[in-house]
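A, B and C label the chains in the order they appear, each numbered from 1.
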Amino acid sequence: MLKFPYYPGCTLKQKARNFEVSALAAARYLGIELVEIPRWNCCGAVYSLTTDNVMRQVGPIRNLIRVQQLNDSGELPERRLVTLCSMCFNVLKRANLMVRSDPEALRLVNQFMDTEPDYRGEVEVVHFLEILRDVLGFEKVSAGVARPLEGLRVSAYYGCTLLRPREVGIDDPEAPRVMEDLIAALGAEPVDNPNKSLCCGSYHTVGRNVEIVAKRAYRILQGARDRGADLVITSCPLCSFNLEARQDLARKLYPDFRPMPVLYFTQLLALAFGLEEEAGLEENLVDPRPLLRDKLGVAV
Amino acid sequence: MPRIGVYVCHCGGNISDVVDVEEVARFASRLPDVVVVRSITHMCSESGQRAILDDIRQHRLDRVVVAACSPQFQGRTFEKVLQKAGLNPALVEMANIREQSAWPHYRSPAEATEKAKVLTAMAVERVRRVRPVERETIPVGKEVLVIGGGIAGIQAALDLANAGFRVYLVEEKPTIGGHMAQLSRTFPTEDCASCILAPKMADVADHPNIHLLTYAEVLEVKGSLGDFRVRVKVKPRYVDPEKCTACGECEKVCPVSVPNEFDLGLTQRKAIYLPSPTAVPHAHLIDENACLGLVPLTCGLCARACEAGAINYDDSPKYLNLKVDTIIVATGFETFDPRLKPQYGYGRFENVITALELERIIVRMAEGEVLRPIGKRVAFIQCVGSRDAQVGNLYCSRICCMYATKLASLLKRADPSREVYVFYTDLRSYGKGFEEYYRTAQELGVKFIRGRPGELQEDPKTKEIILRVEDTLTRRILEKRFDLVVLSVGLVPSKGTLRIAELLKLPRSADGFIKEAHPKFRPVDTPVEGIFVAGTAQGPKDIPDTVAQASAAASRAMAIMNRGEIELSPIKAVVDEERCDGCGECVPHCPVEAISVDGVARVNPATCKGCGACIASCPREALDLKLFSNAEIMAEIEAALAGKKPGERRILVFADDMCTYTLADGVGTAKLPYPVEAYIIRVPSSSRVTPAMLVRAFALGADAVFLGECEEAVSPYPGTLAAIRENVRRAREALEAAGIEPERIQYSAFVTVMFKKFTGLLRSLAEAVKRYGEIPEEKRKALEGAVEVPG
Amino acid sequence: MSEITRLDEEGEAFLTKVEILSGQKLTLCEQCGICSTSCPMVEEMDITPAAIIRAVQIGDRSVTESKAIWVCASCFSCTVRCPRGIDLAKVTEALRQFTLRRDVNYIDLREAQGEEYPTIALVSAARKFTG
């Protein structure tokens, strides 16, 4: 049983419970235990980009200290912290890279958190997709498939924070393939989408500029639809929300738009492993169950 | 006992206005072994030179010191005088009392005079110990290896062959001609490329002085100028080019079809094929990887179809061992692989092609074969793979602006109803006729938009390419659908260039192309003597520049070979075979691999560059440098520090000949002030100054030592800065152990214009010396025992 | 449209401030425009990303009042494409600070009360759009 420290982030405990539930189930099935780190705090969602941003790293780094504590106590010696949410992944990894390359920044951050042990910079931040691809290997994932998703045409949507900037990304931002390889490993047909890493609009979903998001949701989903996709998978609760919750507005702006289910990639894993009970499908805003019953004969 | 003559020059007032030359003369006359002293208004004049000649004869002088200007200025003059008198030219030394005393220190004549005396004493002590040096020559023949049969290699080979030299032209493809043979027309004249190239290719094939080896690879190169030993593998063609008539009957029956490389995969060829319509040698060959099987023979249809009986399935590789005197590298370029920029869709979108592919399409179209439709709406995207930090190519590929302008013009002229756009960031039309050609393109109606597209999209149904770009001049985002998008791909060094560079140990510049010996004055020499570079192997350039460079490389090679022998610089590393125990420590310290061990260390005088970086590495101190030996340098050091008055400070400055010494002369000529207590000692490279010498300098009275060396980019010796860093580190350790401030030793790299940096660093050092104060005698004495400098 | 923009010390000071805050050398930008056509939000902007950089280069402080810098979604598409290696996302972030650090928010989070947002949306919007 592989054990990794795991950082869920706020949204996976709130609006994106289905992401976590399906991920933990799929991981367990594959022999991976994701151990939630104790006393974690919000990562901050976005990485602060100004040069004087040292204090903004305190939040993310405190989470890395939790991992360091688990390592030091011997409770869990694994240094790689696994994340599911792309934005959490991006913030934590960038904060980590920043303090590792700037000793003065590390010193200030440690000094500020005087009740915490000093962070030494030894933790690695990884995304669950990297574990599947690099640690387990897609062959093992494929070998575990109980229900091959034949007949299902799936388009991957990477969003921004999983791939950019280059020092953080888990794949080539111009030609990523990790999700398509995963889709193929599960027996489904990967459908390419030229808008697969077009920004969904991110935080513009809050407030008066929400149309920005609806327009992009249209482009992303229609791009997938035009190429024959049945559904889209994502790795980020904000992308997921934007692509699902803004479909109504997209329909108003573009009459030719038809609803498209959006799943977390871990929900697809759960389906392929026969764990549909634990896939959290009832919580998706655009109900994918009719499509899945139709295409896969799944009783959901 | 040496008999030394000292001549102090007035330099027409340049020196004598500041320095009291008579006093210097009087001082010199009191130095041991000085038998004649004169002070003359112009030493370099007829009468000045005559005075030396006469004195040599009359007074039986065997060494001469001329206290005058810089040896870089008139050194040769006085060497010739000694030669006239029958003396070895190494036996004259110049004390640089003009550029290094009278001029920079013109504000303090008394100090300048004192300094001039010390400089003269340094020269006298050095010349006393100089050993005469016989110039070694090595014979050089008339055989040249040209690697690469593109236009650069072809031009160089023809120039050399026409001048009577024997050329081996080795080309890895089955035909010569390179990329130029693939082009449609050339800018700015729109000449047909293969039409103007074909006669040259024919000349190469026919020339009695050119031994053409195609389908051949250079496997190994050993040796040096005058004696390069090259191993070449000639791959089997399975067709005898002497018998083959290129009738093509074999192709008709061959069952195997593979992509045709000459057409970049846009057409197919057979396993037995003619490399190109204009191929030289004009003969077929069998691609053994594509053929169904040669051993054992699977098919055999081609041999049956061949009336000339030219096919030989039993062909095998041939290995040749050549001995040549010089080498010219002309291995050329490749185009940037646009798959490295996936955002442009090359390889995924059928309507995105490269400019080289368009060249082939245009050539074939003129022959009546349509490889693909061009359509009515064509876009050119510039700078693909160039000027791009994201793919690591920061340089500009130089020819793309013009080749795109040319291709755009050709397409527009062929069909004026076409819409042709060129999307650029800068339009570089710098050459002869280029700007006028750009204007002509504009007159034809080609549209130039200043903006670089971020990405391309494809309409999945129509396959049109949707292009969006910011027109940075109007700040609008423009959008258009195109039938064809052409990527103006940049140039990168070819795989052959990279392989040959490694094989011949040629350094490459930051842009990846082969590095020239000096970017301004030796643009076709490589840092390895006897090896030259020409064409795009050295950097992107167009055909006229390539041809010019090829002729330049040929002429450089000819200049060396014409003399029949070359005189090696006398400054070479030498091994004291009695001290040497063959440990081999020195071998990795030589940046040009000139040392080998065969019982004892042996220095190859042809390869040795005379930097002296090896000397400090020898644990038995068995290495020395001719003309700048340990004895000579130590003598200069001692003389520089002798006669130091109490409270006086002296800083020794070791200046490498190429850069720092020249720089110091420049500073003096510009009359820029720097500390008068800085005494400059000329060395070929500061890496020759060993830690032992540095430490002894302090033992003898130095208050600080500064080492100056060329910056890496302009240095004639690779890797000396690293050696200097190490020597300084070791010397500083010794100083620190003796309780002396290690910061008294400083070093820096220069190019010859860094006046402010030089004077600034010396001033800082002088000020630091003031702050540190005197070094107590006991500490100096402690150092004296610690090190010895043999020789 | 014949307003003259003076290239003066005030403009120079503004450029320096932005360079320090963003850590980017803006004089490196050669205005090729790749960022603009890589930007997924460009149609919503009043000035293009390349124009934003140009404005800072010539010391035009009014760029801090543009709509464009708020439309930016920090997606880093520009960052991975810039052929000069400039991180534009850091530049727009710096320009936003000229407003945010004066205690002026771009959005009023009370407006967000009408909907049930995922935490990630509220936190990221608050971080980007409020001081």
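As a convention for this text, a residue touches a chain if its C-beta (ideal position, glycine included) is under 8 Å from a C-beta of that chain, and two chains touch if they have at least 3 such contacts.
This is a predicted model, so every value here is computed, not measured.
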*asked:* Based on mean C-alpha positions, I'd like to know which chain lies farthest from chain B.
replied: A
*More contacts between chains, A-B or B-C*: B-C
*Roughly how many whole angstrom separate the Cα centroids of chain A and chain C?*
27
*Mind checking the centre-to-centre distance between chain B and chain C? Centres are C-alpha means, answer in whole Å.*
45
*With chain centres defined as C-alpha means, what is the inter-centre distance between chain A and chain B in Å?*
52
_Can you pull out the residues of chain C that are in contact with at least two other chains?_
77, 80
_Quick check: what residues of chain A touch more than one other chain, meaning two or more?_
174
*List, in ascending order, every residue of chain B touching at least 2 other chains.*
343
*Of all residues in chain A, those that touch chain C in their complex*: 9-11, 14-16, 42, 44-46, 48-52, 85, 87, 160, 164-166, 173-174, 198-199, 201-209, 212, 216, 236-238, 241
*Of all residues in chain B, which touch chain C in the complex?*
343, 383, 387-390, 425-426, 450-455, 468-472, 475, 477
*asked:* Under the definition above, what is the set of chain C residues touching chain A in their complex?
replied: 20-23, 40-41, 44, 71, 73-77, 79-80, 87, 89-90, 93-94, 97, 107, 109, 111-112, 116-125, 127-129
_Using the touch definition from the top, list the residues of chain A that touch chain B in their complex._
172, 174-175, 194, 226-227
*Tell me, which parts of chain C touch chain B in their complex?*
30-39, 42-43, 47-48, 50-51, 77, 80-85
